[in-house]
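Shared between the two complexes below is chain A, which has chain B as its partner in the first and chain C in the second.
Our next item is the complex of A and B:
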């Protein structure tokens, strides 16, 4: 079982030390990613899903810091705790872009405007592989072909502004996979694209994953994307995972009131009556004044006064691999 | 089949050619403006010249007057005068005559234009190297002591005019150290012909005027570079490059600094007029043998051929500077070179 684990995140805490106070962007998150599988993290903006990804990559903004926890990468030659490595050290740079690669949300701004896409892809290859420039160019052309860019021999000399959004995201993916990473982190890879392009990019990611045998960490706010691509899911709310499990469990047997509310707020095609889309009451609380107890209690329809606002619920396994942190299902061993 | 690379080179070449050709009409317009300035004071320069001679009681040589009239076509209509003036400049390097000095303008300004060019060039280089490097450090180490210090210096530099700073520097140097900073050469070399020793003497003294002229430019560049770079540092491509595993310093120079510098390249062109006028004021105060003080005197004395020639030369240099900065920008930024602008869709 544990042979299949690629990345293990244990009790990860990433805080931002700002003038206004400490923001606990990620506050005790644990999950495991299996080799070759897709793990999805879903949640509203500001729930800490991107910061979790940035923590794994060690590319946090200047004021963000991993305070606690482990990020264990399993390799054939042993394990390494990424959280213990200095972000700018050579060791960290050898993992970044090589073993763990990342694609980003905005294909429009993710490529620098003054270099050709070929230049930017070859840079990654030359950085991590011991090849000559001409070979790097060949690899880059191959990669562009792999991600479905037509006429890659020509497009490799294109500047990003000469490409459409979908093409740029494909080029970004080519850049990320050019060193055969064992884990690809996709941070909202389809959010900025139109719907047809979104579907193509998801298809592409799935095909590549199968071909190259890499694991994917899919960060998104879109339940539809999760349903389409993920094997396992974690639902995050305000820096904590509230529910996690296999994708079918989460969709067909959701337990946490937040997950249930999220699923209800997806518009469904072919619904008979025209009715208002359900939404979650209230706003995401300010990160400087997190609610006491369960962080969702201020918006929770099943709120139990005197319990939910007193203590934080711990994770309870309700089914095989399906864990939920909610007092409705126990979880009060913290008392 | 021409390769993509070849096409791009061709694009660049045609861009440079187009830009250079566009310089010609601009130079023509400039020359017409300068000619109008020369013609603005009442009477042509010969009448003024003759009148001056008469006032000082010098005997007037009729033949000389006839020759000058012919040389500048003063008896012909204005447009003929204009073409004669241009022809003289282009074919013979003859910029007309300064009646104030009673010498051909070209003889008067040669060395001064060179001095101005040297000081301006030094200033531009200084403004760039110092301003941009401080701007980079300020942005990378935002809100550090270094950043705060140079932000303060920057505001002072932008607000104090060069001539005032020159006066303050002269006063401090004289009252505290007993040194009289004036001129570009020490006494031994002022009237000496050019030699290596004179050149080194100049290099020793040029720093004070260069610093004074450059200060406001440096301050401006610090502000612009810092702001540009802070903008770029927040962009996604920086995070992407970091995610590739690029070492931080290489990343900074290859991506954000490179891109933040682009808008600055385009400003080289219009910093030139600022440098020229700053140089003129500082030169007057510091008594430097550049064209600034000469232009000032020529305008006061209505020595119009001299003043006009100086304006023409400075204008032409500014246009050429702008051309160079345009070409540099096209070389640095492919979005300019290949036209399509942002091209987002």
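Our next item is the complex of A and C:
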């Protein structure tokens, strides 16, 4: 079992030290990503899903810091705890972009506008692989072809502004996979794209994963994308994972009131129209004034006074690999 | 919903010139909206879907005369009197604008950060001489209650509110003058799912309470299906299909509609990898393909599709009809959503 684990995040805490106070963006998150599988993190804005990804990449903004926890990367030559490496060290650079690569939401802002796409892909290749410039160009063209860009020999010399949103996202994926990473972090890769383009990109990610055997960490707010691509899912709320498990368990057997409400509040295509959506009351609390106890208790329909606002529930395994942090399922006995 | 038509758009066109060089010579036109016709009944919601660049926002803006249409007729029926919005001058426009309002996509950029909520919601009332002073304050408080905001926050600035609350402020502002028609331009696409559900419910409640008519512009098919009575699908500046919501989703007649429906990721893992993927990209509205604009991506295209733009015709005679612009609409057996 443990041979299959690629990345293990244990009790990760990433805090931001701001003038207004400490924001606990990620507060004790643990999960495992298996080799070649897709792990999805889903949640609303501000739940800490992107910061989790940025912590793994060690590209946190200046005020953010990993306070506690381990991020263990298993590789053939042994294991390494990413949380212990300095973000700007030689070692971190060797991992970043080489073993772990990342694609971002908005390809126009993630790509440099003044360099050609080819230039930017070649830079990554030259940094991490021992090849000559001409070879790097060949690899870059190959990569562009792999991600389905037509006429890659010509497109390699285009600037990002000359490409459409879908093409830019493909170019960014080419850049991310050019060093054959073992883990690809995709932070809302399709959010800025149209539905037909989104379907193309998701299909591309699936095919690439099959071909190259890399694992993917998919960060999204869209349950539809999770259903489409993930093998295992973690649902985050205010810096904590409230529920995690295989994709079928999360969709067909959701346990946490937040997951249940989230699934109900999506207007699904093909559903009876015109009935009221079941929405979650209220809004996400301010990160400076986190609720006591279970963080969801202020909006929870199954709130139990005197229990939920007192202590934080711990994760309980309700089914094989399906864990939920809620007192409804006996979150207090475990600790 | 009743039978009366509130808004009728006929042959609406909006071409943006492409200017090049020092003399700003006109090199061509982006046909953002190209010959669009539809109607909306009183109290009805018409959903307008399409991908980016399909011209749905431009259509909405033309109707409000936020931009001037190049050609076409926009008839607004007010107390049985027909008013052609496309030909009004500025003074007449001001009179009619109180009957049609807009809700914008981005609640962060559509509210002036230097105005308090009271000033934002009260501005339309002040500008149109509807209320001022104490009366204005009462009306703003009432509007805030209607959209689920506490009136004590009246003196705050937009930055103190979350995205969902800001969108409510935008809705209150649109409601201020008791309009008949509200153009909702992607009102929920910037919001989180839980807040999105709240906002959609609010829009439905308001529609029931005030018999509002919505033109609901969105790219999310789930949202559009949920809120609309009828749906129009746009592709490269043209409407390719209009039908009642259930009909359109169950029984699409245009290959583009079918592809759109198939491309939506369903929040249910059992549909995984069943979606057929549309290849290629949206055509350039400055230089659209010959014949049917969709033919380079269409799996059913034949020779005639490359030569002639299909007529927009009704293929279902009962009910609201089913208008579609495809040469093969009657022959194709397309797959909808069960």
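One rule holds for everything that comes next: the second predicted complex is superposed on the first by the 331 of 335 C-alpha atoms of A that agree within 3 Å, B and C clash if a C-alpha of one lies under 4 Å from a C-alpha of the other, contacts with A are read in each partner's own complex, and residues count from 1 in each chain.
Operating definition for what follows: a residue touches a chain if its C-beta (ideal position, glycine included) is under 8 Å from a C-beta of that chain, and two chains touch if they have at least 3 such contacts.
Computed from a predicted model, the values in this text were never measured in an experiment.
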Task = Kindly say whether there is room for both chain B and chain C on chain A in the superposition, answering fit or clash.
result = fit
Query = Is A:104 contacted by the first partner chain B, the second partner chain C, both or neither?
reply = first
Ask   = Regarding the shared-chain residue A:304, is it in contact with chain B (first), chain C (second), both, or neither?
value = neither
Request  = In the three-chain superposition, say which chain, chain B or chain C, touches more residues of chain A.
outcome  = C
Query = Which of the two partners, first being chain B and second being chain C, lies in contact with A:164: first, second, both, or neither?
reply = both
Message = For A:263 in the superposed arrangement: first (chain B), second (chain C), both or neither?
response = second
Request  = Would you please give the vertex angle at the Cα centre of chain A, with arms pointing to the Cα centres of chain B and chain C, as a multiple of 10°?
outcome  = 70
Task = Kindly classify A:228 by the partners it touches after superposition: chain B alone (first), chain C alone (second), both, or neither?
result = second
Message = After the superposition on A, what does A:18 contact: first (chain B), second (chain C), both or neither?
response = neither
Ask   = Just how close are chain B and chain C at their nearest CA atoms in the overlay, in Å?
value = 7
Note = Both partners, chain B and chain C, contact chain A at residues 164-165
Key: chain A to chain C touching residues, read off their complex   = 44-45, 164-167, 194-200, 202-203, 206, 221-229, 247-248, 251, 261-263, 265-271, 273-274, 276-280, 283-284
Request  = Spell out the residues on chain A that touch chain B in their complex, using ranges where they run on.
outcome  = 57, 59, 88, 92-98, 101-102, 104-106, 108-114, 123-124, 127-128, 154, 157, 159, 161-162, 164-165, 172, 175
Message = For the complex, give me every residue of chain B touching chain A.
response = 4-5, 235-237, 239-248, 255, 258-259, 262, 332-335, 338, 340-345
Complex contact set, residues of chain C against chain A = 51-52, 162-165, 192-198, 200-201, 204, 219-223, 225-228, 245-246, 249, 259-269, 271-273, 275, 277-279, 281-282, 337-338
